[in-house]
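Chain IDs A, B, C and D follow the sequence of writing; residue 1 opens each chain.
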Amino acid sequence: MKVAVVGATGYTGAELIRLLSMHPEVTGLFLFSRGEEVEVEKHFLGLGFAGKVKPLEELSGFNPDFAFLALPHGESGRYAQELIRRGVRVIDLSADFRLPLEVYDKWYGPHPAPELLEIAVYGLTEYFSEKIKTARLIANPGCYPTAFLLAVLPLAEKDLLQGVIISDMKSGVTGAGRAAKRETLFGEVAENFRPYGVGGKHRHLPEMENFLNMFAKGLRVIFTPHLVPMKRGILGTIYLNLTTDVSLEELRKIYLAKYQDKPFIKILPDGQLPETRAVYGTNNALIAVNKEPGGMVIVTVAIDNLGKGAAGQAVQNMNLMAGLDETCGLKNTGIYF
Amino acid sequence: MKVAVVGATGYTGAELIRLLSMHPEVTGLFLFSRGEEVEVEKHFLGLGFAGKVKPLEELSGFNPDFAFLALPHGESGRYAQELIRRGVRVIDLSADFRLPLEVYDKWYGPHPAPELLEIAVYGLTEYFSEKIKTARLIANPGCYPTAFLLAVLPLAEKDLLQGVIISDMKSGVTGAGRAAKRETLFGEVAENFRPYGVGGKHRHLPEMENFLNMFAKGLRVIFTPHLVPMKRGILGTIYLNLTTDVSLEELRKIYLAKYQDKPFIKILPDGQLPETRAVYGTNNALIAVNKEPGGMVIVTVAIDNLGKGAAGQAVQNMNLMAGLDETCGLKNTGIYF
Amino acid sequence: MKVAVVGATGYTGAELIRLLSMHPEVTGLFLFSRGEEVEVEKHFLGLGFAGKVKPLEELSGFNPDFAFLALPHGESGRYAQELIRRGVRVIDLSADFRLPLEVYDKWYGPHPAPELLEIAVYGLTEYFSEKIKTARLIANPGCYPTAFLLAVLPLAEKDLLQGVIISDMKSGVTGAGRAAKRETLFGEVAENFRPYGVGGKHRHLPEMENFLNMFAKGLRVIFTPHLVPMKRGILGTIYLNLTTDVSLEELRKIYLAKYQDKPFIKILPDGQLPETRAVYGTNNALIAVNKEPGGMVIVTVAIDNLGKGAAGQAVQNMNLMAGLDETCGLKNTGIYF
Amino acid sequence: MKVAVVGATGYTGAELIRLLSMHPEVTGLFLFSRGEEVEVEKHFLGLGFAGKVKPLEELSGFNPDFAFLALPHGESGRYAQELIRRGVRVIDLSADFRLPLEVYDKWYGPHPAPELLEIAVYGLTEYFSEKIKTARLIANPGCYPTAFLLAVLPLAEKDLLQGVIISDMKSGVTGAGRAAKRETLFGEVAENFRPYGVGGKHRHLPEMENFLNMFAKGLRVIFTPHLVPMKRGILGTIYLNLTTDVSLEELRKIYLAKYQDKPFIKILPDGQLPETRAVYGTNNALIAVNKEPGGMVIVTVAIDNLGKGAAGQAVQNMNLMAGLDETCGLKNTGIYF
C-alpha cells in the first residue's frame, strides 16, 4: 500500500511516520509538510527519509491508497476535499469532521468542507468498526474524547448512567502540538502542574457529549483538562452516577464482555490501576473500574495521546479500511521505563 | 529562640531547616536525626551545619523553645510525649495528633500517646489561629487536607454545600517521603502519571472528612490522589454541589471576604487558574472559583506540599505560638522558573 | 527459538522482554526472577505474561536455546556456569566476563567462574562479529564502554591517536539499576545534574582501557561519568589528540568507511550532532566528528543505554549466534518525542 | 534605594524581581518590559505588582538609583547609553559590554554603544570588586564564563596552567531564554540530552578566553556546551594541564586561600562533588578539585545559571556599588529538593 502523511513534522505526524515505517503492509511512505522549511529529523536517519519530505503543494499530483491528514483544523478539511475528489481514502486527525455542522461552527468557526460531513465516519474503532471498513473519510477522534468514550460507553449504552459525569483528565504536553509557544516551553512546564479550560471551555467537550448522546440520553459532562509535566500520556479519572445499584463485580463483567475481543483495550484486575507509562508508545488503553462506598463509580483510563489518542488509532482505522487485521503493525510493546 | 528539628534528613526536615535558617527570630537551630548515619548535605554547606546533626538519643537532654517533629507516625507521638513533659512546645508534622482516637486506630493502628490528644490543636492556621497561639502541641495538617480544607471550608461553613464532594488531587513526589522505595525511583516516576488509593483508601481522607464535619454536617468526600512527575506541589480540582443557587460573583466574594486578612491565601481573579509553580517554595495557597453552566462549582487550589502543606505551615504556627507576626520569615518569593 | 531472560524485573530485563516479545524468531520467551516476589507489570498485560515469571530456582530444569543473564555481577557468573554446562548458549549482561581475571579481581572482587573467561567473547558486535557467531558465552559490553569504543576505535585502529583521551560521558538514570536507593529517587534526580566517580573511580574505565588497548597501544583514558535527569540515553563527548594532522573530511571518511555496512551505526553529516532522543528505544548509535581550530578532535556519540548499551546489543548478538541477520527484530523506529 | 528592572518578563528578569523583592535595602522596585503585552505573573500576586509593569518607553522619565538591563544584546546597549547619560548606574546582563570592541563586532555584530566600553567594568565580583564599587556601568558576566572563570582563575593567576583547557559544560534550559522557540519546547527537551555549538561556535567562548588571558598567557580553551533536561543549573567539568607537579592537597589549598573570604564560593572537601541542586536558587558556586593518576587536574563547578550566573551576581554587584555588604539580600538557602 502507498500511504501519505500530510503534516509530517508535528508530533502526530512523527508518530504516524514511526508506526507506518514499521507497518508490514506499507510499501511506500510519502511525507508532505506545510510551507515551513522541511527538516529531516535525526530520528529518521535510519529510515532513509533524508530529503524526501515534500512541500504540501506537491500533494496535488499524488494518489496514494491512504492519506493521513495531520494538519490544523480548517486547513485539514480543504485537503480532504481535494483528496476525496481524487478517490484517495482519507484519515483526518484534525477536528474537521468530528462534529455536526452547527456544533463545529460554534466551537471552530466556518466549516471548510461541510458537504463531506455526511460521508465522514467517526473513527473510534471499537464502536464504529463496520462503518470504518468501507469509509472514504475517517474523522479520527480527539485524544481526550477517545479516553473518555472508551471508559464511559460500556455503561452508557446499557443505560446505567445518569446525571452529571465528571471527567477530570490529565495530559502530557505533546497534546498541545509542536508550534513554538511560550506556554509549552520546558521552562514553563517542568516542575509544574496546572488545570486549563475549567468551566466547559475545551473544544473536546462537545465531541465527548455528542458521541455520548448517541448511546445514552440525558447525560451531561463536566470536563476539566490538566497539563502534566511529561511528554506523552493521558490519564482520565471519571466519576459516574449509576441509575441502579450494580455490584463492582457486575460492572467489571460489563467491561470485560464489551471489550473481550478488542485487542487494544485491557480491563485491569481488582487492585490494579492504569498509569500512562504502561501504554507509552502503544495503541493500548488500560481501564480500571472502582466503586466508592457511597455507590459512585470511578473509572480510570490511560492511553498514549499520540497512540490510541491519535496516530495509533488512525493506523488501526487504516487497517480496517484496507481489510487487514486491526492489530497489523500495532502489536509493539511500549516503553515502560 | 532555640528551635529543634527532629528528623532532619527527610524532605520535610530539609524544608524546615531551609525556612528556619532564614528566620530572623531563630537564634539557635538544632538538628536531630534517627539512627541512620547523619549525612551533611552539600546544600547546607553555607550554613555551617557540618557535623552538627545529632543522633536522636541526644534530644533527651535538650530543651529548646520549640521542637518540630518530622518523624514517621507512631514514633513521632512518643517523642512528643517526652518533649511535652519537659515543657517544650511541639509542632508535630506526623499524623499522630490529627484525628480522634478511634479514627486514628482504624487507619494507623494503636496510638502512641492517646493522653495528648486532648491538648493537641489542629494547625490549619487560617481556621484555628486563636487556639494555636497558646497551644503546647500542634498537629500540623497533612498536605492534601490543607489544600482541600482551604478550598472548601469557606462554602462549607456557610452551609452552602450538600451531597458528595469530589476531591481530585495531584501531588509531586516529595509527598511520598525520602525513604528508598522502588515506586518513587526516577525511572518509575518520570514520564508517568498515575492515580493511587482510588476508592477511599488514602489516610488523608478521614482527616478531610473529620475537619469538614466540624464546619458542616452531612457532607461526604470522594478523594482520589494522583502522582505527578515533579518534585513539589499539590493541585486540587474540587467539584462541589451548592444547596442554593449562588452567582459566581457572590461565591468569589465569600472567598475574598473569608481570606481578606490572611496573607498567604490568594483568591485569583476571573480567568486565572492556580498552578503549582506559582507557589513553589512558598507558604502561599492560590485558589480559583469557577462554576459550570449546570451549577456545579469547581474550586481549584495550589500549594507547595512541603510549604503550606508541611514545613511552611509549621513555621507559620510557630510564629503564632511565639507571639510573632504569622508571616515572620515566610515572606520569601518562590521560584517560578 | 526458546529464549530465557534471567533477571526479568530490572530495567535491562524489562527491555529484553520488550525486544524479545517482538522478535519474529523467538517462539518461546521464558522469564525468571530472583527471590523477590514476582510482580506482573501492567506494561506486559497485552503479552499474556501474567503469572509466568518463575523463581530463579526453576531455571535448573530448563534448557532454552539462549539465556540472557541480567543479574548482578558475581551472581551472573554462577548461573552462567550451570547453563554453559548444560549446553545453553549464554549472553551475560553483567560485568563478569568482560575483563581479564586480574583486572576483574581488582575492581569487582573474586571471580565467580574464572574457568569460563577463556571462552567468553566480548559482545561489541561491530568489532567481534566473527567470534560472536560461534560463541557459547557472550560478555555483553557495558553501556559506557559501548558508546566510548564505537566512537574511538575507528581512529585508534589506524594508529591516529596519542596521549590522553578525555571521555566526558552523561547517562540517564536507568543505568544505575532498579534497586531502591535514595540517590536515584525522583526527588534527588529531577532538576539536578551531577558528576560522579571523578578521578578514575568508575568500573567501566578498565573495560574501556582494556579493549582500546587491543587496537592501539599507549593510550590513556580519563573518564568522567555524569547523571542526567532523564530515564534513558548516553551522550559521550570525547576529546582526542591526533598523531598526525588529518583533515576533518578525511576523519569523517574513516568513520563512514568503517561503519558503512554496520546497520546500527550512523555517522552524522557536517553540522548535525547526536542527541539521546534520536536513539530512544533503538539499537542505534549516532556519531558526529568535529575538529577544533587547534587540531583536537571531538567525537560525540549517542546511544540508548538500555538499547545498544545493553538489551539491544544483546539481542543483536543473539541474532549472530543464531545465524540470523543482525537486525532481526531490531529495526523498530525509536520514540523521538 | 530605587531600583529598575528593565526586561521584567524573561527568566533573568523574573529572577531579578524575586531577589530584589526580598532585598532589605530596596525600597522601590520598578518594572519595565518591551512592547509585548505586559502580563502579571501569578507568581508575583503576593508582591502587589499587579498592573505595575510599565512599557519600556516610560523608562525615559524615570531616574532610579540602579537599573538592571535584562534585554537582548544590542538593545541593551542603547538603553544603557540613555541611562548612563542621566546618571543612573547600570548593571547590564546582556553581552554588550563584556568584550573588546573588535571581538564583540566579530561575534555579535556592530556595537550599539562603543563609547561606553571604556567605563564598563566586568562584573565577576570575586575578581573585580574594587572597580565594581565605583563603577557606573557593570558588564555582568555570562553564565558559562562565570562558572568557568571561578573554576580556573585560581590556578591560572599562579601560572600553573598550560596548553589546552577543556571546558565541558552542561546547562539547564532557562539559559536559552524565554522566547518561544521549537527547540526549547518541553516536547523537545524532556528525556533528551544534547551537545550544541561543538567546535568553538558558542559566543561565551571569547568571553572565557578574553578574561582568562588577563590572568595568564598562552592558554587556549575548548568549550563544549550541552543542554540538560532541567530548568536551572550549570555544571562544568574542566580538564587542566599543570606546568609543574603540584599535589592535590596543595591545589586545594590554593583554592581555599583564594576564596577564603568570598562568602558565595565553597570549595568542597575531598570526596564530595558539586551538583546543581545544591546551588538551586542561590548565588553560591560549589567547586571541587580532583587529580587524575596521570597528573591532569579536573575541576568541577556548579552554579545556578539564573543565580550566580545572572541575577544573583548582578545583585551582588549592586550591593558593592551601593556600599552594602555583598551578601545583602542574597543569603537565602536554596531549594535542595
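Heads up, the rule we're going with is that a contact is a pair of C-beta atoms (placed from the backbone, for glycine too) under 8 Å apart; a residue touches a chain by one contact, two chains touch by 3 or more.
Given the structure is predicted, the values throughout are model-derived calculations rather than measurements.
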More contacts between chains, C-D or B-C = C-D
Ask   = Counting only C-alpha atoms to place each centre, which chain is farthest from chain D?
value = A
Task = Express in whole angstrom the distance between the two chain centres, defined as the mean CA positions of chain A and chain C.
result = 36
Task = Using mean C-alpha positions as chain centres, tell me how far chain B is from chain C in Å, no decimals.
result = 45
Request  = Report the inter-chain centroid distance for chain C and chain D in whole angstrom, where each centroid is the mean of the CA atoms.
outcome  = 38
Note = Each of the following residues of chain B touches two or more other chains, namely 11, 174, 178, 187-188, 190-191, 229-232, 274-275, 277, 280, 337
Note = Given the complex, residues on chain D that touch chain A span 11, 173-174, 178-182, 184-191, 229-231
Ask   = Which bits of chain C are touching chain D when the two form their complex?
value = 164, 166, 168, 170, 172, 187-188, 190-196, 198-200, 220, 222, 224, 226, 228-233, 235, 237, 239, 273-277, 280, 288, 290-294, 296, 298, 300, 302, 337
Ask   = Given the complex with chain D, which residues does chain B contribute to the contact?
value = 11, 14-15, 17-18, 21-22, 41-47, 174, 178, 190-191, 231-232, 263, 266, 268, 272, 274-275, 277-278, 280-282, 284, 286, 306, 331-337
